[in-house]
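After the structure tokens below, expect a handful of questions from me.
The chains carry the letters A, B, C and D, assigned in the order they are written, with residues numbered from 1 in each.
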Amino acid sequence: MGDHNNMKILLITTMISSYPGANTVGQAHLHYSPGTYIIRVPDPVVFPESFYMRCYEKGIDGIIIMSSGSDCPYEGAYRRLSERVARVYVQMKENGIDPSRLKLTTICTVCKAAFLKEINEMQKNILQARADKEGVAA
Amino acid sequence: MEEEKKLSYTEQIKELRARRGEGSKEKQERSKEQIKAQKAILAAIDKEAKTVPEIAEATGMNTQEVFWWITAMRKYNKVTDETKKGDYIAYRKK
Amino acid sequence: MSAATIQKKADVLVVGAGIAGLQASLDLADQGKQILLVESQPSIGGRMINLSKVFPTLDCASCITTPRMASVAHHPSIDLLTYTEVNKIERTNGKFHASITKKPRYLDETACIGCKRCEEACTTFLPDEYDHSLGAKKAISIAFTNAIPQYPVLDMDECLLCGACAKACPTQCINFMQEPQEIEAEAGAVIMATGYNLTEISAKKQYGGDIYPNVISPLQMERLLAPHGPYGGVMRPSDGKIPDSIAFVQCAGSRDKSLGVPYCSRVCCMYAIKQAMLLSGSLPIADITIYYMDIRAFGKGYEQFYQNAKAMGIQFVKAKVGRISEDENHNPILRVERQEDCSQPEEVTHDLVVLSLGMVPAWIPDRDGIIPLEIGEDRFVRSVNEKITPSLTSMEGVFAAGTMTGPKDIVDTIVEAGAAATEAANYLRSQEGR
Amino acid sequence: MEEEKNTQSEENESEEIRVGVYVCHCGGNISDVVDTKAVVEALKKNPNVKIAKDFVFMCSDPGQKLIIDDIIENNINRIVVSACSPTLHETTFRKALTRAGLNPYLYEHVNIREQDSWVHKGENEAATAKAIRLTAAGVEKIARQDPLEPIVVNAEGHVVVIGGGVAGMRAALALIKRGLGVTLIEKGDRLGGRALELDRVYPTEEKASDIVSQLENAVRAEKIDVRLNCEIELIEGFVGNFDVQIRGKDSKIDKVRAGAIVLATGFDHYQPYEGEFGYGKSPIVVTLPEFNKLIADMPQSDKFTYKGKDIKNLAFIHCVGSRQMEGVHQPQADGRVNDYCSRVCCTATLHTINKTLDKFPNLNIFDLYKDIRTYGHGHEDYYEKASKRGVTFFRYTDDSIPEYAPSSNGSGATLTMKDVLTWNEEVSIPADMIVLATGMVPRDISNLVGMLKLPTGTDRFLQEVHPKLRPVELANNGIMIAGTCQGPMDITESCAAAGASAAKVSILLSKKTIEMDPYVARVDEAKCDGCKLCLAECEYKGALFMAESYAHVNPALCVGCGACVAVCPPRAINIAGWTLDQFDGMIDAISMEELEPATVPA
């Protein structure tokens, strides 16, 4: 638990599906790490590549984009988003940021198990990335 | 209407008590009982926290009555929960 | 002695400010209708505001009710009267005339700031009806934390007349001599939303609900589970013990001809399952058993809720409970006749038992007067066009919403209140041309 | 006068940001885990925060009054409430701001319950730190917020109701009586929907055909624009101004403009798969609707003859296609099971059983059920009557679903199960005929679901916004639902839902205009360099265009997705209320190491 508490994970959620999904997890009183920060947006397509890079600069350890996927109410937004995320990966690589620290996924309003799984996986990824970095440094 | 407005609350009480007559006494008696019950319970949990059965034993009151008073005094901040003792909560005077 | 009668006028008179009355009022007021909403209790919110959480979403009841309560209280088109009784409603010349009495709270509402200093000062403790007598209140008190409006009521019958409240009041608003205020109202249509009562806990003698302290009603269990409940947790009334074993007896007040309640009360299965789920959340090691005839989880998402409860380990036993007694420690003993697995009746001891009581109408026209609406065999107000327009009563211009026409859950109540609002609005429009 | 106005506006521009922060205990729901006092103390040190308070129920009247008083008496001009989910109380507090005379959009709702205290129990310190960062993020966001005005659009006083069953007719009638224009669209060649299949209805025993004609006559009398044999080709536009294209039998397209849409598209009967309790393999196995149709015109008789054979033993099986369990029942086409209860089949079955016994008193009837759910007004009477008339009830569970075996001579069948009522004794029930009480499944409206992006639940029925807060509204603004497209209901319940959706439509269209949230794209003309990169991103025709060398937005057509925002190099285009600067501020707050600024920056 200690390892997880010094970690900051940003969850970008959508108003229509994953934000209510996070509420469903809360209503079920399930447990996950408090190092998780949820922001809600109409759609994550709003963020330019630079937004993600700035987050890592500021010390965010991992970002999970919880899109609405097929429930997305906006035309073409999901396609644009996935194209953008691909470009963010390129920039992350260029800047020596482990690409496993960014994840694009789909979470619906009742996806309780998937929500928790994504957080757990991201925690593992971050620890692994830290270990890898230390390994490289050593 | 005009006249009543001018009555202070002490005058109002005086008048209403007069109207009530003997009924007043009964309520005074009940009030004394209520104060007695609260005092007995608070005395029992002044120094150490006790559960409802323990307070009942200390005061000679029945558990149901004790619990109702604990509830009442909890609500009005005279009693606080302390620890869990077995299947019971131990209460303490605040 | 009393002040002159106040005259009021509205498009629609709504009687009862529980969830049905609140919803009907909002649905009409948002269309621009003027509403006079009358509630007999000191606060609006009805039964729902005192529930813990609601099935099947497990939203806290207060979170669903308070926004509507606040919207009603602040709506420019809603005139709200609380702690007020409707005495009579008559229809003359296509208009309704109501005689209404605002009961004295024994304080000046325009001066009261809801600071509760009077309540703190009062020395007389009484059983708190909002906690169904599990908890205590003072002889002068605000109904509950999030009551609307935040004015206390002084119980003059129980008041000692010591004057402590008046002395403590920073605005000198206490008036021991306050008289009832008579009001006459005229309205174009009426929506009745007077709600339900639980069947009497004493009705079934074999269960001893009025004798045994640890045999409680479902509304009492709601309070035990509520965030601001009387005990600060789930404990049993006889001695404050945190129960290890809790049982629910289904159909304890319904589907029982001997009680005069042959019908199904619709909500008892679901509220028992919900309470069982909440209990297993707050008392993880407790055994929770539901003795039932049929589980009637018929609404949207209800069956799935029931299956979740089963998966959580709540025990469902198809059985009849013949009678209840208790041992010397007030542990209720149930005589259980299982309808599955084993044939011999057995005696099972629990720490706490909830009788899943049913619903009866809170207001019955031929018993309580006010307005002579027709009732059905079940004594609920009868709908004269049940299939197509369930809110239509036997009197033109009078519409029914919520549980006054029969047992109903909150979702169905809210939907029906919207339908009653539509009927009332269209009735008003049909009268315009006359 | 003119000058005065200018000074006023300049004053507004330079107005000091004065944020008030309010932390709710939610009666222990939050404060049992999050140290609300610590949150208040930390936020007090934020340079933009002028007031920070905590309270037991912020949503209550006294809670709201705290905010209103601070706005009026302490000149607070931005509000942050940290409490439950904004879906519950964002509008509650916005209204409070309005009452205090403050622009309602200068409000930020921070969720520290569903997404903090409820999910971090036992980690009180970390949960408190999270609450502080989230609340600080709320402050950063609202400090960068401009007052917003709702978008006002004209509202067409006309409604399109889709589906000419009982619910659709009921909604159409309520709306036309309210003074709105109504077009009622029915796919079939007559009005009445599923009610046309029924003989008499419980509990009133009215003839279903009477109910239908009563409604149909009223629909004709009110001169509702009824379109039979018509389907929806396309729906475009938005609340207040939908363009509905209707395709007739001759494939001709007609256009109707509507302020709102009511969906009353109804249900389909669950169709058993081949071999489900022998269905489709043996002629003696029929569904309840098929059986009702069969006996409707049969005269009363000592003998019940079906396909030339005397029927003595008749078995009914409940919950066919409903209350299915994963791993027990064969999944549906989409891989899911129908785990819901179809609500009406228990009473409908018992209603049919009584009717059958009225006609054929000599029949032996067996009723195989899981739970008898005769919940509604008068329903229980059918159950009682059936019991009194000698119907034999067997209760099965998912562990022992009745097994169908055709009898050796091929003319009948045996149903084998463990009967819970007789202590799990294995029973074999002889049946000359078997009736399957099939449930409801949603009507296939995938064209509408896809076209309008309508929300559906895991049960595939249309999903209301919230079962108690907004039970007859979809998340799609201006689209209501009535009847069984939402989930299983009987006629009474469908009609109540139709009435409720009519109320919501009336509220929406009672004025000539509709106010909508202002969260759409906005262009800062001074920053826009006219590069046109944004235009390529916009999927919504007419929402974004160039004029006078900079980008313009049509707020009624913009959906606020933000696709244009990400590609604008000078950040000239933003979604009002969700600007990139606001998000940057939030990230700063979330990523702060120290929870309280050590010194207040000058």
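Keep in mind that, in the parts below, a contact is a pair of C-beta atoms (placed from the backbone, for glycine too) under 8 Å apart; a residue touches a chain by one contact, two chains touch by 3 or more.
Nothing here was measured: the structure is a model prediction, and the numbers come from that model.
*Asks:* Which chain pair is joined by more contacting C-beta pairs, B-C or C-D?
*Replies:* It is C-D, judged by the count of C-beta pairs in contact.
*Asks:* By C-alpha centroids, what is the most central chain here?
*Replies:* Central by C-alpha mean position: chain D.
*Asks:* If you average the CA atoms of chain B and of chain C, how far apart do the two points sit, in angstrom?
*Replies:* 28
*Asks:* Using mean CA coordinates as chain centres, what's the gap between chain A and chain B in Å?
*Replies:* 56
*Asks:* Using mean C-alpha positions as chain centres, tell me how far chain A is from chain C in Å, no decimals.
*Replies:* 45
*Asks:* Residue numbers in chain B touching 2 or more other chains?
*Replies:* none
*Asks:* Which parts of chain C, given as residue numbers and ranges, touch two or more other chains?
*Replies:* Answer for chain C, listing residues that touch two or more other chains: 57, 59.
*Asks:* Pull out every residue in chain D that's touching 2 or more other chains.
*Replies:* Answer for chain D, listing residues that touch two or more other chains: there are none.
*Asks:* With touch defined as at the top, which chains are paired up in contact here?
*Replies:* Going through each pair of chains, those in contact are A-C, A-D, B-C, C-D.
*Asks:* Given the complex with chain D, which residues does chain A contribute to the contact?
*Replies:* Touching chain D from chain A are residues 1, 5, 8, 10, 16, 20, 22-23, 25-27, 29-32, 34-39, 41-43, 45-48, 51, 54-55, 58-60, 71, 73-77, 80, 84, 110.
*Asks:* Within their complex, state which residues of chain C touch chain B.
*Replies:* So the residues of chain C in touch with chain B come to 1, 3, 120, 123-125, 134-136, 138, 158-163, 166-167, 172, 174-177, 213, 230-233, 235, 237-244, 330.
*Asks:* Note which residues of chain B are touching chain C in the complex, please.
*Replies:* Spelled out, the residues of chain B in touch with chain C are 1, 4, 7, 9-10, 12-13, 15-17, 20, 24, 27-28, 31, 34-35, 51-53, 56, 63-64, 66-72, 74-76, 81, 84, 87-89.
*Asks:* Would you mind writing out the residues of chain C in touch with chain D in their complex?
*Replies:* My answer: residues 27, 30-32, 54, 56-57, 59-60, 62-64, 66-67, 69-71, 73-74, 114, 145-146, 148-150, 227-228, 255, 262-264, 266, 294-304, 307, 318, 339-343, 376, 378, 380, 386-391, 405-406, 410-412, 414-423, 425-426, 429-430.
*Asks:* Can you list the chain D residues touching chain C in their complex?
*Replies:* 26-29, 56-57, 59-62, 64, 84, 88-89, 91-92, 95, 99, 166, 170, 174, 177-179, 201, 203-204, 206, 211, 214-215, 323, 325, 339-341, 343, 371-381, 384, 395, 420-421, 423-424, 457, 459, 461, 466-469, 471-472, 486-488, 491-493, 495-504, 506-507, 510-511
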